[in-house]
Amino acid sequence: MATLSLRDVRKSFNATQVLHGIELEVADGELVVIVGASGCGKSTLLRIVAGLETPTSGQVVISNRDVTGLEPADRDIAMVFQNYALYPHMSVFGNMAYGLKIRGLPRAEIEKRVQAAAEILGIGALLERKPKQLSGGQRQRVAMGRAIVREPALFLFDEPLSNLDAKLRVQMRAEIRRLQRRLGVTSLFVTHDQVEAMTLGDRLVVMNAGRPAQVAPPMEIFSRPADTYVAGFIGSPSMNFIPATLEEGGRAARLAEGSAIQFADGPRPGPAGMPLILGLRPEHIEPGDGPDSLPLAVELIEPLGSETVVHGRAPGGLAVTARLPGAFSGAVLPVQLPAGHLHVFDAGSGRRLDP
Amino acid sequence: MQKKVIFRGTLLPIALLAPQLVVTVVFFFWPAGQAVYQSMLREDAFGLSSEFVGLENFREVLADPSWVHAALNTLVFSGCVAGLALGLALFLAVQADKSLRGATVYRSLLIWPYAVAPAVAAVLWLFLFQPQIGLIGRGLNAIGIPWDYRLNGTHAMILVIVAAAWKQLAYNFIFFLAGLQSIPASVLEAAAIDGARPARRFWTIIFPLLSPTTFFLLVVNLTYAFFETFGVIHALTGGGPAKATETLIYKVYIDGVENLNLGSSSAQSVILMVLVVLLTAFQFRAVEKKVHY
Amino acid sequence: MEAPPLIRDDALLRATRRRRLVSRVVAHAALILGVLIVAFPIWMTLVGSTHDSGTIGRGEVPLLPGTHAVENYATAWGKGGGVMRTTPASLMLWNSLLMAVLIAVGKIAISILSAYAVVFFRFPGRMAAFWAIFITLMLPVEVRIIPTFQVIVDLNLGNTWAGLVIPLIASATATLLFRQFFLTIPDEFVEAAKIDGAGPLRFLKDVVLPLSLTNIAALFVILFIYGWNQYLWPLLIINDRSMETIVVGLSKMIGRGDSQNDWNTIMATAVLALLPPVLVVALMQRWFVRGLTETEK
C-alpha cells in the first residue's frame, strides 16, 4: 500500500515562481503521468517528490507520512533518470546492488533480488558488464532494474525514454507499462511526449506554466479538455481553434465570417456576444459540400499513407487543418464543421464551457 | 588521427616546422645527448683532458652516500608535498563544490596562488617563519619550541614542504574542482536516492570517478616537487642546513655549477631523465585506463 | 470516511536538518580556513612592506599595515634593497615582463606554426617531426639544465635575451593543444578555402588564427605565468645585474635570511614580484582556468 499526495506544493527559484500550489492525490498502484512542454515545472515537481529539491512551501506525503523535509534516502522511493545515471565504474550487478548494500541487506538476499530483476528485464547475461559496454536500451533496463530491486513504495520516472531511438522507445513504453502493472507499484512518470503520456498513464496531469491545467484519465483529457492549452497540447495534429461569439440564448455560436453553428448538446451559459473559441480536432472535420460548408483554400497536403493531413485557409484567413481518410488532391476542400464534436471554450479565460 | 582534407606541398610545412624543430634539436636533443655522453667521461682536476670511463660515473653516483641522502630527501619531500597539497586541495574542492552561498567567491580566492612563483612563495613563508622576525617563527620560540630552520634540518624540511605545498594547492584545487564538476549530477542524485549518505557517496562514487584526476595530479605533483621546487629550496635553505634539504635536482645544480664536476652531474641528470620518463610512461598507462570510464 | 492522521517523524526530520546544517557549516568553515591559509602569507608580506626596517628587524611586525608604504616602495622601485644588491625593482620588473612576454609569444608562435604543418599537410618525415616534438614533453628544463647551459655557453649566448628565452620556448604542450584544436576544425572549411582559392598561409591567417583566438588567450595566460616564474634558468644564464629578473633578484636580496636585512624593501619587492602574474590570473580567471585544464589533458 503506497499512496502519494502533494498538498499545495510551491517552488520558487529566486524571484521566479515555477510551481503554483500543486495538489495531487495518487492512489495505490496507480501510474500518473505528468506531461507538459519544457519549462512547465514537471521535472521540478518530480524532483521535489524525490527529495532532490526542497519545495518553497507545501507538503509531500507518501503513504500518509510527511516526507517533505526528509532526504531522498528516507522516502522509500526509486527513480529512473533521463540519462540513466548509472555508476560508470560499477558493473551492472554493482549498479543494481548498490542501494541494497547501503541498506545492509544480506549478500544472499541481494543476489536473489538482482537475479530476479535481471530475469524480468532480460539482462541476466549482462550482469558483469560495465555501463559503457551496454547499448542504450540495455542501459535503460539496468536503470529500471536498479529501481525494481529496491522494492520501493514509489517509482519515479524522469523522461526515461527520451534518449532512445523511436522504435526502441515504443517497445520500452509497452514494457514499462506491463512491468508497472505486474509489480503494482505506485508511479509518477514525467514526459513531454503526449503519446507516451496517453498510452502509459492511468491518469494524466497536464502542466502549464507551473499549474496543473487538467488532471484526468487520458481519454477524458482527449475528449473533454479543460481548457484551450490542454486541447491544443494533446492530439496530433493540434486541434483547430475558431474564434466565435455566443448567440442570444446560448444555443449557437456565430463565426467571424457570419455563419452560425448550433450546439448539439445544449445551451452554454453567458451573455450574448461573449467571445468564444470553438475547438475541432482535425480528424473530426468532415469533407463535403453543403449549404453551410467552408471552402478551404488548400496550402499543404501531407500524405501519411492511410490518411492525409490537409492544411488550408477558410475564407477570412483562418488556418484550418483537416485529417482525411485515404488520399486527397485538389486546390479547394469544402469541409463541414460537425456540431457533435465541437469543444466550446471561453475566449477570455480559456476554460471549457459545458452545457 | 588525421585530417582527410589537406593542403599540398612539402617545402612550406617543413619551413613552418623549422623553428620548433631547430629549437628542439639545439636545446633538447643536443644537450640530452651531451648529458649522456658526458656522464661517461671523467675530466682531470684541471679540466684539460677527459677520458672515457663507461658507466663508472653512474656506479659512483649510486654508491655515493650524499646522493642516496639526497634521494631520500627527495622522497620525503615529494611525498609530503604531494600528500599535503593533494589532500588539502581535494578536501577544499569537495567543500567548494557544494551549492553554497558565496561558493564562487571562495573559488576565486583559492586559485590565485597558482600565479606566485615558487621562489617568491619561499620569501613569503620565510618572512613568517624567520626565528627572529617572523610572526610564526617568533611565536613558536615564545611558546617554548626552539624553532630555527637555519640550524635544525627537520625544521628546514618542514618549511620547504609547507612553502612548496602552499604554492601547489591552487593548481590541485582547480583540477579537483573541474573533476568534481564533470561528474554528472544525476549520478550523485541516483546515489542519494539509493540511500548513500554524503560520506559514503564520496568514497564509493565520487572518489572512484575522480581517480583519473587524482592520478594525473599525483604525477604532476611529483614532477613539480622533483624539479620546479628548486626555487623554493634555493631561496629558503640553499639545501642546508648540512644538506638536510638537498634534493636530487639541487644536487645536480651544486655538483654541476658550484663543484664543476660535470661527469657526476651529467650522470645524475641522466638518472633524473630516466626517472621522469618512467613517471610519464606511468601516467600514459593511466590515461589509457581512463578510457574505460 | 475520516482520513487517518498524518505521520510525522519529527526525530528524523530534526536529525536531517541538523546534518544539513552541519555540512554547510563545515563547508564554510573549511573554505574560510583555506582562504586564510592561502592569503595569510601574502597579507603579512603586504603588511611587512608598509613598516620600517627597524620595526621588522626587532620582530615587532603587527598584523595591520603601517605608514611607511610610500618610502618602502619608492626605495624598492628606484634603488633596490638587500644587503649587497642594488638592482632597482623597476628594472627587474621590466626584465621579467620582457622575458615572460617573449617566452609566451615565442611558444605560441612556433607551436601554432608547427601544429599547423603537422595537421594540414602530409609530407615525408611528418610523424618523425611530431614525435620529436612530443618527446620533449617528458623532460622539463630543470632535468637537462647543466648540458643546456653548456650549449648556451658554446653558442656564446650567456647573458643575452636570446640565450634566456629561446631554450624555454620549445613546448610540446602548446603544440599538442593546437594540434588537438586544429583537428576539430571541420574539413569543409579547408574545402571551402580551396574552392575560394585561398592558399595554406591565407587559410592560416584568415580562418585558423581567428578561430584559435580563445585558445591563444587562454594559453597566453598560462605561459605568461610560466615565463614570469622562471627561476633556475635565469639564475644560471644571467649574471649581468641589468638583466636580472625580479623573481631571481628577490631571492638574492634575502641572502641567507638574516634579521638585519632591509626586510621592508624586500617585502615591497616581493609584492611587486607577485603582483603582475596574480593580476593576470585574477583578471583573466575564466580563460586561465580553461587554459590550464585544457593544456594539461
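Going by the order they are written in, the chains are A, B and C; count residues from 1 in each one.
In this section, a contact is a pair of C-beta atoms (placed from the backbone, for glycine too) under 8 Å apart; a residue touches a chain by one contact, two chains touch by 3 or more.
Nothing here was measured: the structure is a model prediction, and the numbers come from that model.
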item: Pair joined by more contacting C-beta pairs (B-C or A-C); value: B-C
item: Chain separated most widely from chain C, comparing mean CA positions; value: A
item: Whole-Å gap between the CA centroids of chain A and chain B; value: 57
item: Chain B and chain C: spacing of chain centres that average the CA atoms, whole Å; value: 15
item: Centre distance in Å when chain A and chain C are each reduced to the mean of their C-alpha atoms; value: 54
item: Set of chain A residues in contact with two or more other chains; value: 71
item: Overlap residues in chain B, where contacts from two or more other chains coincide; value: none
item: Residues of chain C that touch chain B when the two form their complex; value: 23-24, 26-28, 30-31, 34-35, 37-42, 44-45, 48, 56-59, 61, 63, 109-111, 113-114, 116-126, 129, 132-133, 136-140, 142-151, 155, 166-167, 169-170, 175, 183, 187, 190-191, 194, 199-201, 203, 225, 228-229, 231-232, 235-236, 247-248, 250-251, 254, 256-257, 259, 263, 266-267, 270, 273-274, 277-278, 280-282, 285, 288-289, 292-293, 296
item: In the complex, chain B residues that touch chain C; value: 1, 3-10, 12-14, 16-17, 19-21, 23-32, 34-35, 38, 88, 91-92, 95-96, 98, 100, 106, 108-128, 130, 132-135, 138, 150, 166, 169-171, 174-175, 178, 198, 216, 220, 223, 227-228, 230-231, 234-236, 238, 249, 252-253, 256-257, 262, 265-266, 269, 272-273, 276-277, 280
item: Residues of chain A that touch chain B when the two form their complex; value: 50-52, 71-73, 77-79, 81-83, 85-89, 98-99, 102-103, 130, 132, 146, 150
item: For the chain B and chain A complex, residues of the former touching the latter; value: 184, 186-187, 189-197, 200, 204-205, 208-209, 292-293
item: Residues of chain A that touch chain C when the two form their complex; value: 61, 64-66, 69-71, 74
